[in-house]
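In what follows, chain A forms one complex with chain B and a second complex with chain C.
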Partner chain A sequence: MSPDTVSNELAPLSWADAAYFAPEWILLAFFILLAVLDLFLARSTSRAVIGYLTLTGLVASMGAVLWRLIDRDQAGSGEGEPVADVIRLLADSYRIDDFASMLKLVFLAAAALIVLMSLGTVKQEEVPNRGEFYYLLLPAVVGAMMMASAGDLITLYVGLELLSVTTYVLVGLRKREVKSAEAAFKYVVTGGIASAFILFGMSYLYGLTGATNFGAIAQAFQSQQAIAAPELLYAGLFLLLGGFGVKIAAAPFHAWAPDVYQGAPTPITAFLAVVAKGASLAAMFRLVFSIGFFASAPGWPIADDIFLLLLVLAAAAMIVGTTAALVQRNMKRLLALSGVANAGYLLIPIGLSLQDMHASNTGEFGFYLIAYMLMNIGAFAVVSLVERSRGEELLGGFAGMYHRAPWTAIAMLIFLLSLAGLPVTGGFFGKLFILLGAAQSGAYWILAVMVASSVISYYFYFAIARQMFMRSLGDDTPIPVPVTTGIVIWICAALTLVLGIVPTPLLSWMNEHISIVTDLLVR
Partner chain B sequence: MLASYLTMAAILFCIGLYGALTKRNAVIVLLSIELMLNAANLNLVAFSKYGLAPSLKGQIFSLFSITVGAAEAAVGIAVLIALFRARGSVNVDDYDEMRR
Partner chain C sequence: MIADIPILSMIVFSPLLGLLAVALLPKSYAHYAKWIAFGATLIPLGLTLWLYAAYDAGTGGTKYAELATWVNASLNKEFLGDVASYTFKLQYQLGVDGLSLPLLLLTTVVASMAALASVHIKKRRKSFYLWFLVLEVGMLGVFLARDLILFFMFFELTLIPMFFLIGIWGFFGREKAASRFLIYNGLGSAIMLVAFLLLVVTAGFQVEQTGQQAVQLSYSGSYDVLLRNFADPNAYVNLVPDAVQGGTPFYMSESMRWTVFLLLLAAFGIKLPVFPFHTWMLKVHVEAPPSIVMVHSGVLLKMGAYGLLRFGIFLFPAQVESFSFVLALLGVINLLYGAILAFVQKDFKLVLAYSSISHMGIVLLGLASLNGIGLNGAVIQLVSHGLISALLFLVVGSLQERAGTTDLQELGGFARSMPFMSGILLAAGLASIGLPGLSGFVGELLALLGLYDTQPALTAVAVLGIILSAAYMLRSVLAITFGQVQERFTTFRDARLVEAVPMIVLLALIVLIGVYPAVLTSPLKHSFDFLLGQLSGGGDS
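Right, the complex of A and B next:
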């Protein structure tokens, strides 16, 4: 476990190491118990109990992650070091560092909010197996957590597939709805092709270095005088990034997103938009900074090309996402396209690399990811309410919402302001920090693209606000707001405002704790 | 030796991608994805024997990916059966419920 060398010895899982996996164990134990419980519960019993137990599991796991985070924090400050050593498990194939812990907390919180939101809105007749609906979220979150912590290509691939395969099932859970099955099939096909690209890219990386560990691959890049076949390395890394591009739905790989988001049950749509996208972005972050960063050969500026490619991908996603959303009348498809643009914003900190004294990429990424999680889950919760009361999720369904559910309309306005990137919301500061980072690294063209796409996006975000406040259908029957969904909406709205009023504590915590150098670049 | 294996895998991958993108029968689309995954497995095994730095890791990786691929195929077929029941067709051109 020495920090600077990669051990090639077999490292079996000891009891002491197993304790570090507590968050993952908790989720898996709850998953198995709930799967069995679901079988034995009488058919007539409400499955809400499984929903609440899922929520308990997620919160317990969050507690375990937090406890480890605080424990490591104290261990680090005790020895006069700002940051404690990264915990490496199973021959460095699983890493527990602050970057991973922060992301795990985001995924767990998102999943908990999504479970809470679906307790109020998912109907028995819509999703026949509500037990499965809740407990299948647990292995999906474990997959996302594995992706955030992976230090090895095999771990990353298994985590990715655990998340993907579980979400394929979740998307198709509205069994009686043709759209749901169709969305699930489209997701399986595009997801499967993306996985094949990722695996093919990984096979080239392994072939050129003979290692599957991120650190060992980076070492091999640095120790070999010239990389034997730079063409293969290019092919491998680009296949890998292309595959992840599909997973995060960045343009031009986004065509599946509107269909899948529309067909899936709305809480699952929120899960795809936040957790599945966030986990793939986290994996990209780690891959790019621990492998791509070191990939260079004489005459072949591979690392520079990768960072440029990421920025181009980000620009394409922002432009295509916002312009395609302009003509969209279906709320779920609109939010899918807004998610494409947001994937672009989140790619910028990854694509900026470490240059010109700019090293706060993780802080910018983490802050915007948290703001994105809050505003997106909140917006999807409101969409699920509208969908529930009107039976469809078209933009017109928001007409006169201010008269039918004034408080919910105000919460939705906060989410829309945050999505559009206006003060005083978390989305404003998230975009501002990314902008400042881009300016600091001198990438002014991406800054221009980002501002332009934000301005264009005002059009469709305010179209929703106009429907809510200025149109009326003459139908003023109040929209019923189930308590749990209401709680989710107000948690998200309040935290979005808090991030918009006092953004510095979160940002400075992340910049102090998560550093690319110790968390990601290490061998 | 390595070059021929890599070429073979690349050809398999391209055939799989072509099939997944152009075939109209949903079952063949799923089969084509399996072909792409197996092309990657062939790469891994070839590299672990004839690669620049041969090691057993490639074979272990391929075992993992075969297992994961099987799980993915099972879910894919299950989703396809659900869709076939709802839609009554395996022609992917008929899956246009949301594009109208």
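Right, the complex of A and C next:
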């Protein structure tokens, strides 16, 4: 592992190297075990046991990631070197660095919260195969983790497909529901096309450089001085951007999201909104930063164009997402459109590029991603409660929630404040740090767009608050809150507040430990 | 030592004690919530009074200042070379000076009186007082915060409770009014945040030398740091990029200063409100419960003027100086527009709403004068209008509870059935039109006197507005007290004790400021010295 010069020869995986894959192994082992267990369990046995075992697997994997993270930190705590060398596996196609580890922890935590929340709310009659529902989340998370660690186009694509294919199945799990089938079909078609676009775009990169490793691509660009056919590079970048644009549901590539989010079982919707989106954003982040700065050709400001394009995509996502959400009455569709706007917020740190005084991109991205994960999963958990008690997920279902479940209403208010970016919540500081980064970089126009989009979003977030606190449904029967779902709601609410009161440790950790040069860039 | 007690923090957060007590109150005792909340508003009031008495204008409020670092987040410094630390600092910094102090007193007085006046609230009492106390924390924090981001957070903290207070306890169109309030003010604070961030990354940049070689870089929103950096010709914010090797992103060019100043003007102009950004506040005045309008008109609008003075004018004196004519013009437009429209309104609440716009115009005039007299006048006008409009809406709330309407054509002849309340209303109306001996007179006189020095022509036009104000105010107040006696109104009871007490207290303060304005001006004495020194003409007070 970790050779001084990157070699493109594929070294075989040694037993010692295999240990670095422990988090992924654990998930896969649990996946196979649970698939078999599901076959042999009696039909009458509750599938909750599979849910709890899935949760165990996720937590164990989290432990493994955390252990590696701490181990590397201690190994590097000698003089001079703040962090140990990045672990490069399989010719630098799979990297274990702080950026990847941080994201893996986010994905695993998100998946664990989602499993916990489903234990209380997913009903047998709704999802006939509850066993599949739980254990299929495991390979999906493995896919997301691969995308976070990928240093090579092929690895990236394999991770992406692993995540996509499993989520296609998960979206369609409500077999008897027409909406779910429609959603699954739409998701397969658009997702498939997007994957094809990404692959096509990758082929241009390979064609221009003859390499698939991010670092090797960057080296090839550097050694070429001037790229022979910049037009082809642009074509490839456009294709990649379009494909990833669909995956992260950034406008104008977002049209599938409301339908799919509405049709999927609510916990799976949360998974799409947090893990699937986050993984694609992370992969874009690494890919763009690794190769973006090195391509050059006379007369073509390639690097500037790439980053400008990302900011334009971010602006479009923010504007379209918030304005479209204004007229939305269905909660899951509304959160889908809010997710479009949030994809825009998360694109900004990537699009801001690097300046001498501004290199905190990973910190801004990571902090907001974590805040977004907490508030979004919390909000979806509340939506699933309302859905369960009302049989629908329209905005009106929230009416009188203050009387029917006062504590849950308060938790939801915290999530809404965080989504709207109001103090004192994680969402506020997340947005503040991104805005600060934009101001430091002098990208004032994106700052203005982001602030404007936040204000517009007040309207629909507070429309939910209005339903909860100002309207009444007539019947004040309490909404039952299953214990596990309640736990998820309050973990998310508490952490959202904690991030809003003491944001320093998290942001400082990320900015001090995740180095752009050694962790993020593949060189 | 008294100075060791964090008195300012105690003032800001003492309402939370009441919040806790109300929250823990069992449902069956909900009717006690009002007294607990009222008691909780008395704590900051008492502390503020004590502070007011102990305040020494000569030394200023520096000994009460509190400073703690809240957020000190590292930024990525891998491209900066040899740097010890590179951070974003958010200070928990509170401070008081002659400008904050009168407004602080206004806030605590109005909040206590509004808590008493909330007897009319009949539903969901506990939640009402919870939001009310959160609102008070926000307002107190706004006037004491000395860090841009902290100020912004307190400012936003007033937004959320107001949304619920209007939307749940308001009148028929309450939800629309709440939404409109939220969007307009959200927009205002968003513009403010942009301006603040531009300030943080330029004037807020600090280089500190620690030890031999290590340099500490930080971005800070601290007001003191901003003032220091703006005043220091060697600070990065004032160094033209050519003067520094390799350029600097911290320099604030002339056009950028103008941009930030205009952004601040727009942000606080919405809150003030400056014509044409006033439509939201009309809705709030009509639809919100009267005790909340007391707070809104009495304190929240003042936050706009305060912010404009503290951040717009103090930080950008050069820009204000060349902009003073436009500022005065905006003030005159507000003054006349509000007065003329108040004259034709049929709803008494709308008369008062337009009258607020008109009176806030006078504040703008005082600010635009940029001399000691005018600025003093503006601050006195802020406090005076806060007290007067709180009193007027207190009476309106009591009237509306009894008559069920505030339509001027239906109200009339209250002097017979309710002599006490009619007397108070008449006195408040006279204070509002600036009768000598009442507080309104002092503020208007000083603001216009100040303006006369710099913009005599506009002052002449402004006086016209003052005459109009007498016309519209007397027209409606006299119609209510003396006009046509309505049969169904003759049985009304006069003010109850809980209504009478806040009326008397507010009126007493109005009279006190009217006959002895030094209670306000003495702490103000040195507050503007720094600003006046910055202006090219120099100060004359």
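The rule we apply is simple: the second predicted complex is superposed on the first by the 515 of 523 C-alpha atoms of A that agree within 3 Å, B and C clash if a C-alpha of one lies under 4 Å from a C-alpha of the other, contacts with A are read in each partner's own complex, and residues count from 1 in each chain.
Just so it is clear, contacts are C-beta pairs under 8 Å (C-beta built on N, C-alpha and C of every residue); 3 or more make two chains touch, one makes a residue touch a chain.
In this text the structure is predicted, and so the values were computed from the model without any measurement.
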For this session: Have a look at where A:414 lands relative to chain B and chain C in the superposition and call it first, second, both or neither.
Result: neither
Problem set entry | Touched partner set for A:341, first chain B, second chain C, both or neither | neither
Exercise. Between chain B (first) and chain C (second), which does A:228 come into contact with in this model arrangement: first, second, both, or neither?
Worked result: first
For this session: In the overlay, answer first, second, both or neither for which of chain B and chain C A:175 touches.
Result: first
Problem set entry | Which superposed partner A:211 touches (first chain B, second chain C, both, neither) | first
Exercise. Can A:240 be said to touch chain B (first), chain C (second), both, or neither?
Worked result: neither
Seminar exercise, completed: Residue set of chain C touching chain A in the complex reads 71-80, 88, 149, 152-153, 156-157, 159-160, 163-164, 167-168, 174-175, 178-179, 182-183, 186-187, 190-191, 193-194, 197-198, 200-201, 219, 249
Exercise. In their complex, what parts of chain A are in touch with chain B?
Worked result: 153-154, 157-158, 161, 164-165, 168-169, 172, 175-179, 181-186, 188-189, 192-193, 195-197, 199-200, 202-204, 206-212, 220, 228, 258-259, 262-263
Exercise. In the complex of these two chains, what residues of chain B are touching chain A?
Worked result: 6, 9, 13, 16-17, 20, 26, 29-30, 33, 36-37, 39-41, 43-44, 46-47, 51-55, 57-58, 60-61, 64-65, 68, 71-72, 75-76, 78-80, 82-83, 85-87, 95, 97-99
For this session: Using the touch definition up top, name the residues of chain A that touch chain C in the complex.
Result: 354-363, 417, 422-424, 428-429, 432-433, 435-436, 439-440, 442, 444, 447-448, 451-452, 454-455, 458-459, 462-463, 465-466, 469-470, 502-504, 507-508, 511-512, 514-517
